[in-house]
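Below are two complexes that have chain A in common, paired first with chain B and then with chain C.
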Partner chain A sequence: MNRVLTLFQRWPFAFALLLALVLLVLNLIVSPSFLSPARLPGTLATLAPFVLVGFASTPSILAGGIDISVGPLATFINCLFVAILIPAGLGDWHLAAPIILAVAAGAGAVNGILVAVVRLHPVVATTGMLFLLVGLSLSIAQNPVAAPDNWTEVFAGGVGIVPGALLTVGVAGLIWFALRRTAFVSNLLATGDSDVSAYGSGVNIKSIRILAYTLGGLFAGIAGIALTALVQSSQSSLASTYALLGLAAAVLGGTSLAGGRGGLLGALFGAVAIYLLQQLLTASGVAPSLIQFAYGAVLVTGVVLGATLLAPRMKRNPS
Partner chain B sequence: MTSDSLSPAQAPHAPTIKQIAWTRFRTWVFEVPALQVLVVLVLAGWLVATMPAMANPRSITSILVITSLLALAAMGQTLVVILGGLDLAAPGYILFGAFMAANVAGKLAVPAVVALLITALVCGGIGAVIGWVCHRFAVQPLVVTLGAGAAITGGTLFLADGDYSSAPPNGLRSLASLRAATFGLPFPPIILIVLLCGVGMWIFLNRTTAGRRFRATGINFRAARFTRIRTSTVWTVVFAASGALAGIAGVFIASFGSGWSQTIGEPYLFSGLAAVLVGGTIFGSIRGSYTRTLLGALILTLLSTIIVSNGLTEAQSRIVFGVIILAVVSLYGRERHVRDRF
Partner chain C sequence: MNDQAPGLALAGVSKRFGATRALIAAHLSLRPGEIHTLLGENGSGKSTLVKILGGVHSPDTGSVTLDGVPVNSRSPREAIGLGIAVVFQEVLTAASQSVLENVWLGSDGTFRRRLGRSRQRAIAQDVLSKISGGIPLDLPAGQLSLSQRQSVCIARALVRKPRVLILDESTASLDVESRDLLFVELRRLKAEGTAILFISHRMDEVEEISDRVTVLRSGRSVSTVERSDLSVGRLISDMTGSSGHDETRRKPHDPGDVILQVSGVRLSPASAPMDFELRAGEVVGLAGLEGHGQDQFIKRLAGLSAGSGSVVRLLPEGGRELTERNGDALGVAYLPRERRGESLFESMSIRENFALPTLRKDRRGGLLDSHKTARRFEAFARSLSIRFGASQDAISTLSGGNQQKVLLARWLATDPKVLLLNDPTRGVDIGTKREIYAILNRLSAQGMSIVVLSSEVDELVDLVDRVLVFRDQEVFAQIPHSGLSTDSIVAAYFGQKSEVHT
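For the complex of A and B:
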């Protein structure tokens, strides 16, 4: 028993992974065709924006802050692409993709500057950004605009036998994998764990923070592309849904909100676990309201478990 | 000590009267919400100047009622923010309150007082559990309230069973509807209720021991524990109060709108937080107070009235809200530099 606990404590995402595996088995029992090759690309495409928003929430949390504007940023990118770039004739992938990613990373960078340079509380800065982005999405496209045929459809279908969703998630994963080879990620974790110590050790915490939020913005941009691939229209109303789901995915995946502990793998398994839970309950014919109830209950249980039983070094509150 | 013989005799650097006055003025501006009052006056003046038609009792009442609802919804959030947390469960509480008002008090004809009591007890109870859990296990309230909010929303919608057509009873509606009167005066009682809450909250925060303990816990959790404040109790009570107040706000919001929908609580989460922040209450700050939230709610309502009456859309008012939050908080909500926190 102790060895299992140590395993959980060593790998923050182990709990989410276990939960996801159990839910996967249950899903396969309820609907055996769940993983059939015909359904797989569609399933992954539904999952992709969700995983990516989870990714987008992660770097800022690791840096000891929080970014609640990544979900609205993803929907803003979706509206920007469908309602402005395509009608303006900038819909080709070689034009649109750089613009989208630059805008998204720019919005993230603004968050980073507000937090690191202007020194606003992260929740305050990103709440302001959230209002800005929701307002902008609504003024671009109040009502859903249907998108004509465009390059994003690839990411909802597949390239040959590779499901397209693997590409969007894969690109984000590769960026993170590449960054792990550099000093950035270790400096990021050091900043999140204790910014004072990191500063004292000569880490440039200002630029680390700005980069963390920029990276989150970039992932949110990719999430916007995956979202467009899935819905093929502009959906400004999804902003508030995604705002908090990404956070939930990251935290369920064992990323500590205090900063300095966790990673993208956790957000991936967290998002998969929440998605599989919804799938399982939908497939077994449970009312949507109870699905929401179950989601909330799993989130609270997961977080409390993660903070007590599964926390490293037993940092429990003695009082 | 180095000799001063080479340098001309230094006059002791006494601050001039001007500097003292400036320092005092700056302290005063930070101590009282002077900026917010000024902004309210400017906005009100602007509204009346550009739209003279707004200066009639009817329009003023409607602005005040909307402000009161926002302020009521943001009351619990104010307390939680002073404590240094964030309550994302507010939409759930508000939805539950609206459900109690419309379906239980309205359709099942349960007396309004009983419905209010049940709302306060259920939401308060859930809030108390959240507060205790967050304190006991040192979990961030952000995620726990997020999960709890989803669970409450789901549970309420399950209880409602698809019935969103009921309306609150007349007794409740007369508390918040625009045509209602208070003791014969032509304004709805909700305005008076919120004003009384404001006074009560001011007394609690500034004139009671419990208020002092609460503030101490918010400013420095560990220091508060060392002065033998029972921080666990403080957290439990504050989150319980936040839940109960948001639930009661939900009852009034449903009474004002004469009905409810699945998403009735959503707008109040971020707008409520905006009212708290624009008022100048920052996480775990010493200057936080409910008076500021009242002013913040008034600023936001006036702003959106101006924006909408100038032919702009609701969407553009969101953009302005975002800019205002960032501007106000960067004026005096900035955190200390790392080098000053060694």
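For the complex of A and C:
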């Protein structure tokens, strides 16, 4: 038992991984064709926005804050692309992709500046941003606008035999992997763990915080692309669906809301677990109204487990 | 270069925090290749000086120069860039990051690592083995002992190869072996030409390692002594400035019966159990350098913290263990140290702040009668001469001293037999201080027992019947009324027993 606990403490995402595996088996029992090659690209395409919104939530939490505007940012990007960029003739990938990613990272940076420089509480700053983005999305495209043929379709289908969803998730993962090889992630984790220690040791915690939110915004932009790929229309109404799912995925994946512990793998497994749970409940004919209830139950269980049983025992300061 | 001596120099540095003058025209010169100790009692300005050097605060006036070049660091990062590395008094580690990450924390840029991972490992390993006999690099810092974490913080400063190394009470949390290793390393660095500013409250360490000692008193640098002229007696009298204090000490009353009995209380698992009796009408002082157990002791008396041993309130009908509830029927009231964090409700009125624990006295038919509250408050306001506009005004309209009097009234209203005061005159102006002393004198003459924790030595000499001086979570000395003087108290702070009391 102790060795299992040690494993969980070493790998905070272990619980989400285990849960995802169990849910995968259950899904296969209920619907044996779940992983068939024909269904796989579609399944992954539905999964990708979940995962990416989870990624987007992670950096700000690691920095010791929180960003609840990443889900609405993804849907705003979706509306911006479909209802503005395409009609304006900016729909080509080499024009649209840079604009989308810059806007998304910019929104994240504004959050970061509000938190790190203006010193607003992260919940206040990003709630403001959430309403701003939801409002903007509604004024751009109140009703769904269908997107004509465009480059995002690739990410819902496939490139050769590679499912397209792996590309969007993969790009975000690669960015994170590259950052891990720099000092940035170390600085980020230290800032979230103890900002006093980081500041006293000479870490520029202001720019680290701003960059964390900016990175979250960038991931939300990629999530917006993955979402557009999936729905092929503007869907401002999805904002509320994604608003809290990202946070749920990150937290279920073992990323500590106190900051300093966790990573993208946690958000990945957390999002997969939530998605599989949803699939399982739908496939086994549970009423849709109960699905959210089940989310909640799983999330609370996961967080309680993470916070009590599985968190490493830190020696407390005597002071 | 110019004609100034090499090394770090502070000239006429002053720093003010609100009404508190933390540093007043302080001077210090720190030469390359010396270990210079900074000595002073609580509130003498040591930590402020360190924080100025470390880029946390910037001085209001005066100059800091390194080899003649002005130092104007506005953040720890800038100070480090100039070659000034500070190990702050607090043990600053990121608990869930590895030892390796913690050692190199802040050395890198936002993205760029200054050294390759394997070089970082090798250097961290080397430095840690020198100063602590080796700590596993991949363990999370949160799983280390306090002494090991402090070693990690020191290693963080050492890997930067600073020109100026500042250790603010870093030995306080080190175990003996690590401290000896650190001293070896400090001597080696000194031989290489590093300028080291060392702060410690252990006289044996100060005598062992200092080349020179500068004494700070109430924010002023009062003397700098060469190693050859070092004497503990001289340092202590420099710290207290014992020449000019007016003797206004009180005459003790004859104490009554034992009212509070403490037995077998340990302030840390390793410290010796202590016994203590408080008699009716007694005024007992608690003293010691910051963090030596006096704060834990007064909270233990207040019933706020649990632990081994017992604190029993002796009543005519028998002994009762204290409860956590402040100012309850057992008649023990505690006034916490931090007005803003622990006592005041800043957005509420003077009257509400006063009445909160005693509102039940103002009930009429189950409802609150605000006139009753007002009348009760007026009575206390008169007897404590609290100066205020209207009792419905916000508490924040009052001066610090008057806020403290309102809080004193709050707990006096619970009709206590034992009053526990945690540094009651902190941030209070001198006139109000005198008034508070007079109030406490009057209360004790009426038979109330008072325990005062104070960081001001003069205050203790004036106010109390006897003083317990804490050191390393134990009572180091009990100084009776006849032996009370600033020198005897400060000597005990620093582990010296004067002959008067043994």
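In this section, the second predicted complex is superposed on the first by the 313 of 319 C-alpha atoms of A that agree within 3 Å, B and C clash if a C-alpha of one lies under 4 Å from a C-alpha of the other, contacts with A are read in each partner's own complex, and residues count from 1 in each chain.
Going forward, a contact is a pair of C-beta atoms (placed from the backbone, for glycine too) under 8 Å apart; a residue touches a chain by one contact, two chains touch by 3 or more.
All values derive from a computational prediction rather than experimental measurement.
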| item | value |
| --- | --- |
| Superposition on chain A - do chain B and chain C clash or fit | fit |
| Chain B versus chain C as contact partner of A:30, first or second or both or neither | neither |
| First, second, both or neither for A:300, with chain B first and chain C second | first |
| Touched partner set for A:84, first chain B, second chain C, both or neither | neither |
| First, second, both or neither for A:196, with chain B first and chain C second | both |
| Apex chain A: angle to the C-alpha centres of chain B and chain C, given in degrees as a multiple of 10 | 60 |
| Partner chain(s) touched by A:114 [first = chain B, second = chain C, both, neither] | first |
| Touching partner for A:208 - first (chain B), second (chain C), both, neither | second |
| Residue contacts with chain A in the superposition, chain B compared against chain C | B |
| Contacts of A:40 with chain B and chain C, given as first, second, both or neither | neither |
| Which superposed partner A:183 touches (first chain B, second chain C, both, neither) | second |
| After fitting on chain A: smallest Cα gap, chain B-chain C, Å | 5 |
| Those residues of chain A which chain B touches in one complex and chain C touches in the other | 196, 199-200, 315, 317, 319 |
| Chain A-facing residues of chain C, complex | 54, 56, 75-77, 79-81, 86, 88, 90-97, 101-102, 104-113, 140, 142-146, 156, 268, 291 |
| Partner chain A, residues of chain B touching it in the complex | 86, 88, 133, 135-140, 142-144, 146-158, 160, 225, 231-232, 266, 270, 273-274, 277, 282-283, 313-323, 325-326, 329-330, 333-339, 341-342 |
| For the chain A and chain C complex, residues of the former touching the latter | 179, 182-184, 186-187, 189-190, 193-194, 196-204, 207-208, 211, 256, 260-261, 312-315, 317-319 |
| Chain A residues touching chain B - in the complex, by the definition given at the top | 66, 114, 118-121, 123-125, 127-139, 142, 195-196, 199-200, 205, 240, 244, 247-248, 251, 257-258, 287-300, 303-304, 307-308, 315-317, 319 |
